[in-house]
Amino acid sequence: MSIDVELKTIIEAALLAAGRPLSFAELENLFADNERPEPSEIHSALAELAEDCRGRAVELKQVASGYRLQVREAFSPWVSRLFEERPGRYSRAFLETLAIIAYRQPVTRGEIEDIRGVAVSSSIVRTLQERGWVQVVGHKEVPGRPALLATTKQFLDYFNLKSLGELPPLQELIDDLALQAAPQDQPVTENANTESIE
Amino acid sequence: MTDLADCEKTVVTDSNSERDARQVDSQAVSEGAVTAAPLAFVNGAPFTELPEDLYIPPDALEVFLETFEGPLDLLLYLIRRQNLSIVDIPIADITRQYITYIEMMSELRIELAAEYLLMAAILAEIKSRMLLPRPTGPEQGEEDPRAELVRRLQEYERYKHAAQELDALPRCERDVFETSADTGAIKVKKIYPEVELKEVLLAFQDVLRRAERSTHHHIQREPLSVRERMSSILARLRTQLLIPFPSLFERKEGRHGAVVSLLAILELSKERLIEIIQEEPLGELQVRPLMASGVD
Amino acid sequence: MSIDVELKTIIEAALLAAGRPLSFAELENLFADNERPEPSEIHSALAELAEDCRGRAVELKQVASGYRLQVREAFSPWVSRLFEERPGRYSRAFLETLAIIAYRQPVTRGEIEDIRGVAVSSSIVRTLQERGWVQVVGHKEVPGRPALLATTKQFLDYFNLKSLGELPPLQELIDDLALQAAPQDQPVTENANTESIE
């Protein structure tokens, strides 16, 4: 109520109250029409808030659906003990399917199968949709009109990304038959006995 | 590409009848057309030794296979673990190793996805084309028979790698956590719908229209000022249980006001909402809410 | 993780990630057995955290089930906008009930039902009272002692009336009805298919 409540503190209050990312428009709409700050003021307040978070438990992060205050990665050793269920590891089939959809979207299941060389289980696609990470964005006009799959904002939010452009770049394809790809670690077998969820 | 079914038979029967893999390499094509059902042969054959370059104890084989995401993944593994180049696969070697796996799987009655058998057929087909004399003229330069497989392996490897990178991104619930604070102290203003008086009047007309139709409802037509005064008298009686009669009239309202008040008092009395009492003859009239049995 | 992560910051991280009160035992269980702080250390850390929250958007509260960080009441004017629901429209039944109370006051619910020919839901009466447009001015001395409903000064204020006398007299409304026998626009029916709330 006091007149000197700072804009950045109001934003902090709103982000912590919402418990989800707030878009810039939602931040603007915290204010009545006649007392709404300029966008530039909100931007500076966000920058100040980010600065204030230094050394604190949370950081201000911009993800696809907006701004959120999130507990820093450094605290996960303690914070993850709060949650009885350890976050599941995703199976390689799940992650590969998700990666192909993320990088190649919009893409049909058949195209995913072509790349992976094996059938894509329906349960993986269903789980991806249930988690809200993947959605059907249309149908390809070929026989059978297969669904075209694409990732969602929630996918980006969950993986801490603002846009698909923030995904790690896809490896270059080496076209030259003479070029030998550098030998590489084989992390494959590491995963052999880890639990996996789909 | 030649008929895949033929190739498949070729591969499996070759490797079955010829224990020596090098022999398979050279003879695969020439001895191709064997008619026996391929998998039955494999299951029947005693399986005594593992190729040394596989480094996999048999009991780990099943677990091992589960770590592969299909034939492309298995091929990539075979290539990468020997530091071989994808783009220049020693196809004979890889085919031999791959087929050895397939045989072991069958031997251990591990159900193999059809894709693995298809890949065996593709490999054998490529190998056979590699053995054919290559046309030399630059004009008719045929593509390397391995090219399509190489392309697929490379493409798959990109996404395999991308999947690992995706898995390594800090993600919610594992590395970072969404936050929320309690909002119990926040007072939420309730927002009410806007209503126009016209809407209320129109709603009332509807009521009247319905009431007119059913004859047993007769809506009385006292002036509204009387109804309003009735309400206000009742409201006063909630806090003041006994009101002197004269104080229900206000001089400044004049004659009209007095009439309204009187009508309101009479109506309230008639509807048995109040009673007018006089405690002694010629005493002051007083109004009080009618309470049937002194309850309240 | 880094050795100099402060206990109070770990607690802050956990409280914000949990989004619910954490008991003292839960705070202790954030730590592995061999690195668990003494209860007294946790108590001091909580005190420091409470101190750190001065001037910030949240405050540390101890409630029955433990400790929680809550958004300060002072931020209600802004934060409440996150939770405001867009008002719908009032139902036909609501408007009719209001009109009957206005014209026939003081009136019992039973009398309103007689006039409308259908039951009046208690939620309508409650909403009218919540909104401050209708009040109970007494009880009718008949069995059940039903409440007598009347309109309030706020009702008059909202509709910009000095007194009920400014409402069109009943007779006028009835005369209007006769006129409307001739086909005419009926703005009323606009509402027929809009969502309504009570």
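Letters A, B and C mark the chains as written, and numbering starts fresh at 1 in each.
Operating definition for what follows: contacts are C-beta pairs under 8 Å (C-beta built on N, C-alpha and C of every residue); 3 or more make two chains touch, one makes a residue touch a chain.
Computed from a predicted structure; not experimentally measured.
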Message: If I average the Cα coordinates per chain and compare with the overall Cα mean, which chain comes out closest?
response: B
- prompt: Going by the average position of its CA atoms, which chain sits the greatest distance from chain A?
  reply: C
Message: Suppose each chain is reduced to the average of its Cα coordinates; what separation in Å results between chain B and chain C?
response: 31
Statement: Separation of the C-alpha centres, chain A versus chain B, in whole Å, is 15
Field: Whole-Å gap between the CA centroids of chain A and chain C
entry: 35
Statement: chain C residues touching 2+ other chains are 13, 16-17, 19, 57-58, 69, 71-72, 75, 79
- request: Quick one: which residues in chain B touch 2 or more of the other chains?
  value: 177-181, 183, 186
Field: Residues of chain B defined as touching chain C within the complex
entry: 177-195, 197-212, 214, 217, 219, 221, 223-225, 227-228, 230-232, 234-235, 237-238, 271-273, 289-292, 295-296
- line: chain A contacts chain B in the complex at 15-20, 58, 61, 68-73, 75-76, 79-80, 83, 87, 90, 92-93, 95-96, 98-100, 102-103, 115-119, 157-161, 167-168, 170-171, 173-174, 176-181, 183-184, 186-189, 191-193
- prompt: So in the complex, which bits of chain A are touching chain C?
  reply: 1-2, 5, 9-10, 12-14, 16-19, 22, 26, 29-31, 55-58, 69, 71-72, 74-75, 77-79, 81-82
- request: Give every residue of chain B touching chain A within the complex, in rising order.
  value: 63-64, 66-73, 77, 80-81, 83, 85-88, 113, 115, 119, 144, 147, 150, 152, 154-167, 169-181, 183, 186
